[in-house]
Amino acid sequence: MTRLLTLFRGLLVTAAVLLAASLVIFLLIDAAPGDPAEIMLGTSAQADTLAALRHELGLDLPLFSRYLSWLGGVFVGDFGQSYTYGVAVGELIGDRLTVTLPLTVMATALAVAVSLPLGVVAAARPGRAEDNLASLFAQIGIAVPNFWIGLLLIVTFSLNLKWFPPGGFPGWEAGFNAALGSLILPSIALALPQAAVLTRVTRAAVIEVTNEDFVRTARAKGLTKRRALWRHTVPNALLPVVTMLGLQIPFLISGAVLVENVFNLPGIGSLAYQALSQRDLIVVQNVVLLFVAIVLVVNAGTDALYARLDPRLRARK
Amino acid sequence: MDADPRFTLSTGLLMTKFSDLFKGSCLAVLLASAVPVWAQDSNSIIFVQPVEPQGLDPTVSSPVAAGQVTWQNVFEGLVAIDRDGRVVPQLAKSWTISDDGLTYSFDLRDDVEFQNGVHFDATTAKFTLDRILSEASTNGQKANYTAISDVKAVGVTTLVLTLSDRNADLLYWLGYPAAVMVEPSTVDSNGTDPVGTGPFKVTEWRKGDRVLMSAWDGYWGDAPAIASLTARFINDPQAQAAALKAGQVDIAGNLNAPELFDQFTDDPAYTAVVGAGEMEVIAGMNNARPPFDDQRVRQALMMAVDRPSLVAAVSSGYGTAIGSHFSPASPFYQDLTEEFSYNPEKAKALLAEAGYPNGFSFDFKVPNRSYAQRSAEILQAFFAQIGVTANIQSSDFPAAWIQDVFKDTNYDMTIIGHSEPLDIGIYARDPYYFNYDSSDFRAKMDKVATATSEAEREAGYRQAQEVLAQDLPALFLFSYPKLGVWKAGIEGVWENGPVPANDMTDVHWVK
Amino acid sequence: MNRLPKSLFIGGFITAAMVCTAILSRFWTPADPTGMNILQRLKPPGPAGLLGTDQIGRDVLSIIMSGAWTSLGIAVVATVIGGAIGIGIGVMAAAKGGSVERLVMALNGVLFAFPPILSAILLGALLGPGGLTSMVAIGVFMIPVFARVSRAAAIQIWARDYVKAARMAGKNDVLITLEHIFPNISAQIIVQLAIQTGLAILSEAGLSFLGMGVSPPTPSWGRMLAESQTYLASAPHLVLAPGLAIAIAVLGLNLLGDGLRDLTDPRRRQNT
């Protein structure tokens, strides 16, 4: 019963935070200088044409009713119509997700694939060459800007070696390989900082668990060091790693904005950036709200996972 | 805490999945490098379009980018503008203009259908023009058509326009993308699913990436040589050049980056042509604000700028210094660069005469676009030579710039490229961001509008340029060339750019 | 504590070098960082300049040096803004507890949910691009991190017996915070300051890369990278230098942060 109550309260808090965020987003974007109608019509437009377009877009309505109509729409799954593209925002976001979702998933998978073994190996032999190498990788990975890595990858693998296209996305309709090929370099650029962070977390977590009693017991029972490591230590060290994956989501999204920009990918990050510079307010509002919602849900999820799996945390409450 | 068996199991699963994924992506790498991503097809053309249009209908809102994709390819007008900038017949076979210049009557083709099967006639043409002129019109070029006071469909193939004032430019604007003919039942969907009378039909719009078009077999004119036409949106010049090199696109009608152009000029796999472009880069000043309200100050600033050096630095030498508002692409272009050419000593003297012996400082609001920022930095250095300090402030383009500079005219000096043809009339507009007020200039523009002959019209345009070259409401800097690059074996691409467009109807591969 | 952590030494050295470069650039650079020479444009490293010249013939080394001042200046101010507000909030939440704490941390959560670069671009749209905007935009979105860290640290101190005793004796929260909490959490905060300054340098570069950073001609590493995009094939030296500068600066601050943590937290040090 109490657990249900906690869950309910968590949901309520998340909803309240989301509502607050929607208001912040709306006011922030509305206060920014620039009139969507003016931008759409270009510099030759007459005042009456502008007024007509503003009316058509509903921009002549008062601030609060625009906010309510947006919010009301979001509740029933109607995100409104993009000013500039003239299509439903939901459809637009859906389109762009077919790029950003594979990109971020590939980047995350790549980051985990690199960092997990690296972190574990480093932790297994602290202070040795492997460990130092992993530390070096982690330090450098965190420090380099991912858009710079993107540029270097383009110079090396596109312009010189010509292995991959230098940017752009042919669409999944163009074939799986072509589409995937154009996401490989961007996902590497996006993965590097993630891999670096995860390597550090994995290493620290594995070291911490290694010192716990049950691992010592297992070793005392005659398990080899290697078996003890993979059977007992690593699985139990995964909790902080998963948590960190969750905490990294905002940075993953930020990275996607830059990396999509470098590689000219029609993803959701570049959509947000373009829509903002065109003042396609309705698109910006929805995309930012979507990002915030993702972050909140993932955070709530990792919190719940943590609370369930880590008895120490439950005890403290 | 003890090891939880369930947890261990699920982790094992996790590990295998990750390793599978990794194997999968390695495989994909191999595949991607083995099979070329780009396949060439002699029956298709892919061209680069830098800016994705907001909608595909050039008669509403965003006029330029929509036209760059669909004008001529999908939509056609009563008349068209050809590759030399001349007005030529299209859906109107011919026309007559009354002696007083107030009545235009067009003889329309009767063999034209829209891509949805609806017949084109005088009623559709009337509908199109009435829609542009209506109260609820959202056509960004409406101002160019307001001289029309009445539109009449006489029978099926005759359209009669009555004008309130003489307007010698009207015919030209009827050929512009903003006045293409639309079918009444499709006006609400033309933005996403355009229906025109042109040789290509839009089959799919992959937003953020490309528009796919294919040849339409119901076209009234000669069928195009290619079966499929694609516009790919690539904003970054580096990516445009790379896509060309990689063979992903066939034509870049105007490579945005001159510094990337050289690699194509000596590569036999490409045709690289320097054509005349329509974009004039100018540093507009707020003529209502001191010290820019003093003509001598504006002239002094002009003399502080070495335009050829500016062209060399900003666009690798591709481009032409200009002395007034028209570019060499215009048939009425007058070379006025000798007026107020680079002379810092004279500039200083003139500045002293105007009451600023020690110079002054001002805010320079510059769009956060590469060409503008680079030009501004160089201008800043030139101004410094005559003791004038320009404080550069980046302005978020387009949103903040349009609001702050263009609309509120809250600025001293800015810098921007004007790319519409025949747009010298902006200096006669009130309000307009220069806050320039010259009855002399307005008289010249009236002369253009009421011209009864082509020679008179041309003389008016030339005199208008001369007034501006003396008055300098803006510092006239340079015009961008149209740097066209396409694969060797392609013919029929427009070399010059009298209209911002990608007319691909004549493009074909040579076998 | 007989041996200093290696990372402290290396990180401190890099950071000191960067600070010195930034200060030095105010007085001396090999060439004028804004002085253009169009004839000498896009020259590779060599006689025209140790790191070559850029698209309008400016000395890249000089721009990189002055860029250090821009980058560090914005990052430090942003971190101070974010740190001051964030720590204030965190410490207050820890002291007050109860519904005040919940409310403050919930608001904090709202802020935390915004992806940093995107939010900074939003603020940039609102305030217009420029140095001040960068400082505020980056600083604001640092608040939640500082709030969380300082609250967590402060809660631990509040649980100590002598602090409880002080409260029992009727000392007010502000006084206890000043006397006991701050001195005891300062080590953790200093570590965070170093690391967040590094992150701020990355954010500033990202903003400038997108055209939302300082206005030209103020040198900026991020804008240099944005400009270099056009010359990837013809002048790759323009891509390398600014990226390396960013990476080294951030690396230095991160190492410094790690070193400080090892120094002040012996338990962690054991693990290293």
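By letter and in written order, the chains are A, B and C; residue numbering begins at 1 in each of them.
The working rule: a contact is a pair of C-beta atoms (placed from the backbone, for glycine too) under 8 Å apart; a residue touches a chain by one contact, two chains touch by 3 or more.
Quick caveat: nothing in here was measured; it's all calculated off a predicted structure.
Looking at contact counts per chain pair, the maximum sits at A-B. Farthest chain from chain B (centres taken as the mean of C-alpha atoms): C.
The distance from the centre of chain A to the centre of chain B, each centre being the mean of the chain's C-alpha atoms, comes to 36 Å. The geometric centre of chain A is 21 Å away from that of chain C, both derived from CA atoms.
Separating the centre of chain B from that of chain C, both taken as means of CA atoms, is a distance of 41 Å. Residue positions of chain A touching 2 or more other chains: 32-34, 154, 159, 276-277.
For chain B, the set of residues touching two or more other chains reads 236, 238, 242, 396, 399-400.
Counting partner chains per residue, chain C has residues 125, 128, 229, 232-233 touching two or more of them.
Within the complex, the chain A residues that touch chain C are 13, 16-17, 20-21, 24-25, 28-29, 31-34, 126, 139-140, 142-145, 147-148, 151-152, 154-155, 159, 204, 207-208, 250-251, 253-255, 257-258, 261-262, 269, 272-273, 276-277, 284, 288, 291-292, 295-296, 299. Every residue of chain B that touches chain C in the complex is listed here, in rising order: 236-238, 241-242, 257, 259-260, 262-263, 309, 312-313, 366, 368-370, 373-374, 376-378, 380-381, 392-396, 399-400. The touching residues of chain C, counted against chain B in their complex, run 34-36, 38, 41-42, 55-57, 124-125, 128-130, 211-212, 214-217, 226-227, 229-234. Residue ranges of chain B in contact with chain A, taken from their complex: 1-4, 7-8, 11-12, 14-15, 18-19, 21-22, 25, 28-29, 31-33, 35, 37-38, 54-55, 61-64, 135-144, 146, 191-192, 206-210, 232, 234-236, 238-239, 242-243, 245-246, 248, 396-400, 402-404, 406-407, 420, 423. Interface residues of chain C, counted against chain A in their complex, comprise 106-107, 109-110, 112-119, 121-123, 125-126, 128, 198, 202, 205-206, 209-210, 222, 225, 228-229, 232-233, 236, 239, 242-243, 246-248, 250-251, 254-255, 271-272.
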